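Two complexes, one shared chain (chain A), two partners (chain B, chain C).
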Partner chain A sequence: MALVEDNNKGRPSRAPFSEWFWPAVSTALKTLGSIAVTLVGLLFVTFIIGRVMPIDPVLAIVGERASQSTYDAVYDQLGLDKPLIVQFLYYLWDVLHLDFGTSLLNARPVSEDIARVFPATLELATLGIIFGVVLGVPLGVLAAVRKGSWIDQVARVVALVGYSMPIFWLGLMGLLIFYGILGWVGGPGRVGIFYVDVVPSVTGLILVDAALDGNWDVFKNAFSHIILPASLLGYFSLAYISRMTRSFMLEQLSAEYITTARVKGMSEWNVVWKHAFKNIRVQLITVIALSYANLLEGSVLTEIIFSWPGIGSYITTALLSADMNAVLGGTVVVGLIFILLNIFSDLLYKVFDPRAK
Partner chain B sequence: MMGALLDVENLWVKFPSRNGVFDAVRGVSFTLGRERLGIVGESGSGKSMTGRAILRLIRPPGIVEADQISLDGVDLIKLLEKDMRAVRGQRISMVMQDPKFSLNPVTTIGNQIIEAYRLHNNASKAQAYQKSLEMLEAVSIRNPERVMRAYPHEMSGGMGQRIMIAMMLIPNPEILIADEPTSALDVSVQRQVLDIMDKLVKERGMGLIFISHDLNLVADFCDRVLIMYAGRIVEVCDADKLHEAQHPYTRGLLNSLPRLDMPRERLEVLQRDPEWSVAPSVSARL
Partner chain C sequence: MAETQTLRQWLLTDTPSSRRHAKLSALYQGWLSFRANTMAMIGLWILVVLVLVAIAAPLIAPHDPFVQSLGDRLAPLGTEGHVLGTDSLGRDILSRLIYGARITLYIVALVALIAPVAGLLVGTVAGYVGGWTDTVLMRITDIFLAFPRLVLALAFVAALGAGIENAVLAISLTAWPPYARIARAETLTIRTSDYISAIKLQGAGPLRIITKHIWPLCISSLIVRVTLDMAGIILAAAGLGFLGLGAQPPSPEWGAMISEGRRFILDHWWVATMPGLAIFTVSLAFNLLGDGLRDVLDPKAGE
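So, the complex of A and B:
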């Protein structure tokens, strides 16, 4: 009986410490190494592009009417007299200390700016991807299970509209209807004007900060502001996620092990969720991670329409005003997100697919 | 021979397509007692579809029609889907061709067997686990505890098929449909898997429908053989009298097999006669 107790969890008992510890450490080191190399490569490319652009960063700082001596002093201060590769190493050193330089536009450290705008995007993107997954995955599964039925057709149209409708139009219509006419949601911006800076900023995510502070008025107001843009972003990821889910599911549902499950006398619900769905988790993770990364990059149009102070509009503004430090800083953050999400989905692969071990 | 377990009468499997309805199985009738019944035929002859139609596994748009598929007096064709689920696994079960595809790749073998048992038996996990170990031992799996924790990709084909047999027999069904159970296996393990299946089916007094394209294997292994061609049964004979078969299709199949004791320069080529597919189906009733 002891044997049963030991084994009925269906998991192998843990191997001796020495057998799993060192391989785990070596995997972790390899992963960290590959993050570092990728990041340095990303920094290098962005840095070089920034430096060879026909923009004079000195002029952008000192203005056109500065004297030659002022110009020279700033030129030296920025280290522009040194070879490009040396400049890059300096920059790398600063980045390692989380110093992305000073924004040429507002003379504030870029790292502070990013710490302000990134949480705004993070909040919006996270809520958006939650919508996309919670509605998109079941919709895709249902469309696959009832292939060819009216549900499948509806899902197809919903996704098609999501793919093809420009977000600035949907965003404006959404604002017009739900804010302007019906008044169900808050308008542009993260919170109403009376609620700005009411709760202390701990995480930078207003919903979380308000909840931590216990200030539910702010929470409600912030939620009424975020719900429309988040739904819109969620709708766009829903379109993609539901289509991909449908095709992954169709592939699995025609597999022979599904027949096996039916032969066992299993209900169709369990056949779909316990057997078929379990097999698409790995592919689904990739799709969701990619959609999430896309949202985290900052949807510029959505952010502009909803006056959302996120990273997308930050980078765009910086780019248009040749603020290279800000552009570089933003690029590093976006690159880091992609790398981290990739590693995260790789890790989940190993959890969900026994063949990947 | 005891009374019939299964009585199939005028079974049709139809697939509507753009160019009209395709009939995969056309009016097949037969009975199955507690015996080993072989169904042989070439690809597309409808032998697999016959097996799946009995379990009502043909998915829409495919259509199954029959005067009756009677299991102990209960007509399966009239059962609700819910009641049909109680028949699947518990009373009629099926082993498929290739264990590489018929086992769920991301679930442990243990959980898949336990699931098959618990679907029809009100047993605790520990009881089901114990039962699964016994069942794995019954199909000659060494080290069943380890296999229970393993995933299908860690198994060889022969082991996989034995696991499949264990999984399908654990709810103790009355009928097993074996759909080309050894075609995907290495010749060296085919015999072993067949022997295990044969032993279990005999011990439990089950009826076995053995679907195969291998005439020799079926003649060797079964009691009775149905020969199918183009969705019909063209001939029925006792397995040991297969060499006395009358139908030109069966004769053709037999003559196109190479034999060690009768070496021939050239094997006969099967000449198909279009008349066979329109001729009425031979009934395979007891």
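So, the complex of A and C:
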């Protein structure tokens, strides 16, 4: 009897190397191919957007009073006399070298600007996803385990409200209540005005920089500024993550192996966490990667509400001042990250979930 | 009373006497199970009220939504004659919300027409024709599906110029791919079924098969998806309006109203709060309705 139980506990032995390695490689190659196609597709769309733009790129450079010959020279220099497909190839070449042109506003390379503002968005979205995962996963699991109970109802309402709430409005209300009335958090911006540029920028993430510098005053101040926008973003990913966790868990909990485990007399804790939860981990990581990508996008509106100097603010400021290079550069970068996260989650699923093969 | 009773019995019969009878009976039974869902009914009622308000806007709005009255600017809630207060130009917020319902419904209706129809076309053609057509169309769909929607809509609007119609176009351009996926999946399962082969043997061409026999079967899952998407469409439209890329001032679009009220948020909170509540209520209503419809029309997709 004891022997049989031991066998049940042991993991199934792994298939021989060649049996799983080559299929994995072929999946990887196929995925790489589809990454390439999707990326070129993204660039093609932004390229077309750039072409139909009502703004004359030549005029933007030479100014209104340039002579016709200067205009023509710049026109040729920009390659606008070439066929569209050739122009697209030029564009591809530039983007591959991370060259998004120069900003019309400040004449700096767009890529430099994006590199400067991106850490702010990264910091915000990362804190947001941590918040969403830490609260959303347990909430979803509980809601599934106690299906129909009050906690399930709470989870349902939380998700429903999250799906229906305009994020920028919730941000405004948060500012009004927690900053304006209660004064619990710092206001808009990343740090208070007295703390700007106090710590040397190493990573661009203020919380990390302050901690590296050992300057806890700055850390505290930065934290009081980031906590509200990050929890708001986190709330939106919580809504999605908890809902998905719940439905994954319900699927597992209705499976026969769970009944078997319960019949064997296994404790409910072990049934839920060691059996059911273990089997949804891959699906869950997929969902988390997707909501991380969505957070990057959701941060566009949040950043404006909180005057957060990230990529969302950058794109919208550029939009309103008709700085097309900056808009398209920002769109490409956000799109790239979005697509890569999408593909990453897809790939993860294919590699680690045997059923997906 | 007796007549309604018989109508009810006629609708609930187990032995329909004609095709139309069976159809009506199925509809009625769907309605009965939908009606049992309280939350979905609440959503439906909110939307019915919204539509009525939008239609009757000139009759029920207490003030002209565009008339400025700087003497009454930023009046708080409950002010005589301005139940929801006034904005920074002294315009009545309630009246602006009532007229704004028209804009919201207009945007939602347009997107709900354009995106699913485009998706249905692409999806059924890809699914039915198969081969290279399928590969290319689905690859394009995947590309659009992989885009960040709001950012792409931003870029589109930037290219096309700000305005409601362009916002609708931008949202539709980013909203169609999921419909194409659904329509294709439905088509693939229907295509190989026996009754399609039977129709083919009767001499029906691909156009007739797609329009008469495949589209009707895709509709129910598309309707569910559209209803669930409405909330997202409203939020996206409001977001564009908030950024100043959708409806232009002085239009009483709800997102644009929030953007106007944002400057006074700390001192005059109601200016931005009221339109936000309106957006929230309507998109909540669509979510509730969508959940209910899904349970009736597409029970497999629910939990």
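The rule is short, and it goes like this: the second predicted complex is superposed on the first by the 295 of 357 C-alpha atoms of A that agree within 3 Å, B and C clash if a C-alpha of one lies under 4 Å from a C-alpha of the other, contacts with A are read in each partner's own complex, and residues count from 1 in each chain.
In the analysis below, a residue touches a chain if its C-beta (ideal position, glycine included) is under 8 Å from a C-beta of that chain, and two chains touch if they have at least 3 such contacts.
Being a predicted model, the structure only gives us computed values, none of them experimental.
**Q** Scan A:Tyr163 for contacts with chain B and chain C and give back first, second, both or neither.
**A** After superposing on A, A:Tyr163 lies in contact with chain C but is clear of chain B.
**Q** Quick check for you: in the superposed arrangement, does A:Phe352 touch first (chain B), second (chain C), both or neither?
**A** It touches chain B, and chain C stays clear.
**Q** Determine, under the contact definition given at the top, whether A:Asn279 touches first (chain B), second (chain C), both, or neither.
**A** First partner only, chain B.
**Q** Does chain C touch more residues of chain A than chain B does, or is it the other way round?
**A** Of chain B and chain C, C contacts more residues of chain A.
**Q** Which partner chains sit in contact with A:Thr259 here, chain B, chain C, both or neither? Use first/second/both/neither.
**A** Touch status of A:Thr259: first partner only.
**Q** Touching A:Leu175 in the superposition: chain B (first), chain C (second), both, neither?
**A** second
**Q** Flag every residue of chain C that touches chain A in the complex, lowest number first.
**A** Residues in contact with chain A: 139-140, 142-143, 146-152, 154-156, 158-161, 231, 235, 238-239, 242-245, 255, 258, 262, 265-266, 269, 272-273, 275-276, 279-280, 283-284, 286-288, 303.
**Q** Note which residues of chain B are touching chain A in the complex, please.
**A** So the residues of chain B touching chain A come out as 52, 55, 57, 85-90, 93-94, 96-98, 101-108, 110-111, 115-116, 119-120, 125-126, 129-130, 145, 148-149, 151, 153, 164, 167-168, 171.
**Q** Help me check something: in the complex, which residues belonging to chain A touch chain C?
**A** For this pair, the touching residues of chain A are 34, 37-38, 41-42, 45-46, 49-50, 52-54, 160-161, 163-170, 172-173, 175-176, 180, 246-247, 250, 293-294, 296-298, 300-301, 304-305, 315-316, 319-320, 322, 324, 327-328, 330-331, 334-335, 338-339, 342-343.
**Q** Contact residues on chain A for chain B in the complex?
**A** It is residues 1, 3-5, 7-8, 10-12, 255-257, 259-267, 275, 278-279, 281, 352-355 of chain A that touch chain B.
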